[in-house]
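Structure in structure tokens, see below.
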Amino acid sequence: MNPYAIHAARIAEKIQEAPGIYTFRLLFEDEAVASAFAFAGGQFNMLYVAGVGEIPISIVSDPDRARELDHTIRVVGRVSEVMGNLQEGDTLGIRGPFGHGWPLDEARGRDVLVVTGGLGCAPVAGAIEYIFRRREQYGSVKIMHGVKKPRDLLFRERFDAWRQHPDTEVLLASDVAGRTWHYHIGVVTELFDEVEMEPERSIVMMCGPEVMMRLAAEHMGRRGVPRERMYLSMERNMQCGIGLCGHCQIGPYFACKDGPVMRYDRIAPFLGRDV
Amino acid sequence: MAEPRTRKIKVDVLARVEGEGALDVTLAGDEVRDVHLRIFEPPRFFETLLKGRHYTEVPDIVARICGICPVAYQMSAVHALESLFDVDVGDSIRSLRRLLYCGEWIESHALHVYMLHAPDFLGVDGALDLAASEPEILQRGLRLKKAGDIILTLLGGRAVHPVSVCVGGFSRVPPVSELRTLLEDLKWARDAALDTVRWVGGFDFPNLVQDYTFVALQSEAEYPMNEGDVAASNGLKAPASLFEEHCEEHQEPHSTALHSHLHGKPYLVGPQARLCLNHQRLRPIVKQAMADVGLNSSVTNPHQSIIVRSLEILQAVDEAIEIIDAYEAPAVPAEHVVVKGGTGMAATEAPRGLLYHRYRVNAEGLIEEAKIVPPTSQNQARIEEDMRNLLPTLLDREDGEIAFECERLIRCYDPCISCATHFLKLNIKRI
Amino acid sequence: MTDRCAFKLPRDRFDDLLQAIRQRNYLLLAPVERDGSVMWGEIEGSRELAWGKADSQAPGSYRLEAGHPERCFEVTHGPQSLKSLTFSPRQKLVHVRCGDDGLTFDSEAAESKPTAVIGVRACDLAALKMQERIFIEGEYADPYFKARREKLLLVAVNCTRAQPTCFCASMGTGPAAESGFDLVLTELEEGFLVAAGSRTGEEIIASLNLDAAGEPEQEEARQAVEACAASQTRSINTEQLPQAMYAAHDHPHWDDIASRCLSCANCTMVCPTCFCHAVEEVPTLSRDESERIRVWDSCFTPEHGYIHGKNMRPATRERYRMWLTHKLAAWIDQFGSSGCVGCGRCITWCPVGIDLTAEVAALLEKDA
Amino acid sequence: MSEVPKPRLAVFKFASCDGCQLSVLSLEEDLLVLGGKVDIAYFPEASSRMLDGPYDLGLVEGSVSTPEDVHRLSAVREQCGKLVSIGACATSGGIQALRNFIDLDVSAVYPSPEYIDTLSTSTPISEHVDVDFELWGCPIDKQQLALVLGDLLAGVKPRLPGSSVCIECKRRQRTCVLVARGEACLGPVTRTGCGAICPGMSRGCYGCFGPADASFPPGRSQANSDALALHFHEALKMDAADVVRHFRGIHGYMDPFKQTAAKWEDDG
């Protein structure tokens, strides 16, 4: 199979999550492609806009329902901007799924700590849904999410829904206050002090800005969570998605094929570094 | 006696004429009082900028004087410098240079004929307007222009500001096999050029006859491009090195361009001049085409310059094919140059007419003084004279119509595609 | 040098070898003189090889000079390795059509013509093996590399002349070609020694009716290659790698390199193992069609380390560090051996002659 | 269905050789495509139909070299939605910016200087007004022009690589003239885009695409012209004046070429 082959997909639904943030529900045009497609939570697709380019975007939908692929995209630059202007019925291209997702098997029987920042909640969303659908297989679930401003909070209903699950905590933080913000004001790591955790039986999943993840990991480490049970989703320049183009290297790892979800003990020496 | 004014003109200045201009006309009743073709293209001071540069840099710098005919500037420059350094490029380099020049003639003439001049006869504002009405004509024009571009690109790396021309020859010459890849397009272009001659030959030409003094290079062997003496229809014949003794420049108050006079009178350079002084040396296919459209070698109606240009496209295409067929790569791409101090001059035939360069170089090969006389500046005075002849026949017309006719006449001379022609603002003062 | 069953190929029968290969429908590529160096060029016979030429390389300098008049492999390696033949500098991937009914994608077919490459060096074979590991032995196989690789017939030449920039001996990759070829030649005073490295190679030799080489020729070849190894002046001390490279991350010497390095990427372009590439989107002006084209890229470009809002390697210091750390350290962790095969191309073709062996030595010294 | 008006394109000229505008006319088939996509409202080189603004997209060729230019340019800026400067003159002042390094005394060169209204400098468009994109090259490259026009008309932010000419030179498998012949070449510090045509013609690059922008996103060029200049001097045995001339060429007014030349001028 040619890993560079792109498949057409139609935008079945476009939801505006916040200003400049959209969730696209995509359906493959080709039935054969659609039925063969399977993915794990935390994997990503290369989404392609004709004449503009391809960017890596996490799959946020439920791996159990691989026919409908949800991608939440923040408009930040050249490709994402044009993508944000696409409408229901338009087609784009998909290549994927690529990378390694969240350690959902390893997490079985453990307490799950999810730490996210900004749009970082999107790539974990699919995994969280997956866990809740198998609620009994996992220990407690604690979701800690930070945003810069209250306005940046996405998936408000999802957070509310998650909160309803047994043995689950959802803690939100915003750097600055706002009229409708009833949650913590401050950075996400401050939430760590508000939750009870049993470090030795926990597994951590993090996604967000690299500095935030590094600080959070160090913090968790101090609380006693073993480094090999912390997982970080990394972002790098990706041109191929399959570990060949060389752009996404982090030390000896390729963020695309060895990640994007990577074990903290492995990448810690390279975090905040340029090689 | 050396006149102080003359001496001042000799200071290194090149007032470029391609660019913007305006025409000021003062009419006093039925009398044409004043005609000023004002060129206000900002002067770029090339002659000053060349001072202190190394002679090897000259081809790259002077190319930037004009993006439409950079090869002409490069050719005049390298010939002037080679004449100083006594470099004799062999036949093979000579014919490659001619081929390069053919490319520029084709490109520049096709652009003028199709994009700039023909619309005047077709009643449209620009050639792109033909996209809907006569797409095949427009496409033929674009493809013909491209036939010139591909020669330039193959020999020089790109069509605008080619990079391979150097004193002594070229930085790289193509192997025979590479040149041959051009033949197919050029054979198409030869047919297209013939069609072009027939097409423009059928245009409706306003009746206007001018009394010209033509100046062009003249060479025994061939229709002039890179070589020849300076000849004039008044009988003058002199080596190019004596050009300045016959053609003098002076500054007109109303223009940043310097005007040229031959022995004190306006004259015309360009296709019409070349044809008049060299028609015997046209290639057979061109002579035949000329006879077919019933054109005489002395074209005194400026509007018919479009036919002459088309004939020169045919000439250049046909010659390009012959050069390629006969081509053998030279032993070395460039002759060895031994630098010496002194002054070198040369003139070549740019698409729009004779282009003269003079350089004074020191023993280290640095330029001490440069003088460049472009064709448009030589034609300036002549264009004003034409206006003076044209205007009395237009006095009863609306200002707008007068403007159109004047612009149209100026365009006949292909001053440079960005020049006065289109940017022209006509100010008519009636007193 | 492993002793294979070697045969004598007289100089005047060299062309027979080439013709035997050609008869098997291979296009012949060999180092031919082009613009002052040697490049892979298509040849019809031995005449077009660089007879009587020798190259002389030094940091930032390459000259083609007169050499032994009867030899054609005195010229060692030009700027090209096998890389350009398998990992094309410009490879179309997908053609996209944008119609009213959406997008259609046509992947470019992966095809190649049988091609015999004459004059492949040991370092090139080592690099090819490395690139095979990257491009076709990993999780995803690159179909274009694979198609090209499968159609190659490799005629290696043992190096009997080292350049001052060569250090393959210290990297354990040369100067003798040990494996990975179809045929291997050694150029001797009187003709060549030829041996096979594959079934095809054996068949070709068999078709030529050559005499088996005697001990004197074998000895001459052995000595020539050994002398070549012994003549190498540069080396990299690989013992402390990769850790020492990682440890040198904050070494002040990176700034010193950055003051000299141009970030021009020549080193990565000529490096036979560097594999970075970018994908360019080339739409038509009308936008009804577009092409996705893969081109060689480098960690020295301004865009290489960029993600939205942040450049991981904003300046030359970080870029050079990326290149050297990747070559000599991360590579070992990624692919099991060093990314440097000691061909010295990056030293010769660096416009300002930056020499990685010297830079590594400086970096591995304890902080000044 | 009511017809959506086509975007209006205007092409303006300041001090220049017209070569970059010519590149628009040399787009060949694409010229017809362009004609179909936009309303060419103002393009004196191509048509006598000159419509008033505002325009959606303006291309500006040429540098600012007269007092009049300054005023005209600000009017142009006001009339254009997006403004793109094209070519060396517009992006860096062009070859005529060499005047910025000499004492240009108009009275010394023109017999009647009172008629010559010129500034003593030639400066890039971006020194006077904001530009939305700069297309480099002397002349610009047709393919780059088509890409950028295509992007702008499709509402996409144009993006061109900022890496060196060397990359393209090597991709095209050319022999390096600097290394193999010891000829001065600015390729390592010049931005890619031309197709490495000078080395392709067996000669050194003279920097007509401007300093390579070693930073991304685009910003001040970090090209290490100092190191290359030193190499020219030490390995190629160039004297200081020669080094100055190499960096003070078509983009002599652009940093870091400008600074490198200045340093060697002081030393020389």
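Order of writing sets the labels: A, B, C and D. Residues in every chain begin at 1.
Criterion: a contact is a pair of C-beta atoms (placed from the backbone, for glycine too) under 8 Å apart; a residue touches a chain by one contact, two chains touch by 3 or more.
These numbers come from a predicted model, not from an experiment.
Using mean Cα coordinates as chain centres, the one most removed from subunit C is B.
Computed from the mean C-alpha positions, the centre of subunit B lies at a distance of 25 Å from the centre of subunit D. Centre to centre, using the average C-alpha position, subunit C and subunit D are separated by 36 Å.
Inter-chain centre distance (subunit B to subunit C, centres taken as mean C-alpha positions): 50 Å. Computed centre separation for the pair subunit A/subunit D is 43 angstrom, with centres defined by C-alpha atoms. Multi-chain contact residues of subunit B (touching two or more other chains): 172. For subunit D, the set of residues that touch two or more other chains comprises 150, 154, 202. Counting partners per residue, subunit A has 51-52, 77 as the residues that reach two or more other chains.
The list of touching chain pairs reads A-C, A-D, B-D, C-D. For subunit A in complex with subunit C, the touching residues are 2-8, 10, 29, 50-54, 76-77, 80, 90-93, 235-237, 239-240, 242-247, 249, 251-254, 257, 269, 273-275. On the side of subunit D, the complex with subunit C involves touching residues 27, 30, 33-34, 37, 146-147, 149-150, 154, 161-164, 166-167, 170-182, 185, 187-189, 202, 212-217, 222-224, 227-228, 231, 235.
Contacts from subunit A toward subunit D in the complex involve residues 51-52, 77-78, 81-82, 85.
Partner subunit B is touched in their complex by these residues of subunit D: 13-23, 25-26, 28-29, 31-32, 35-36, 40, 43-50, 65-66, 68-69, 94-96, 98-99, 102, 104, 108-112, 115-116, 118, 122, 138-139, 194, 197-198, 200-203, 206, 208, 242, 245, 249-250. Every residue of subunit C that touches subunit D in the complex is listed here, in rising order: 34-37, 39, 60-64, 79-80, 84, 89-90, 259-266, 269-270, 282-287, 295-298, 300-303, 306, 311, 314-316, 348-353.
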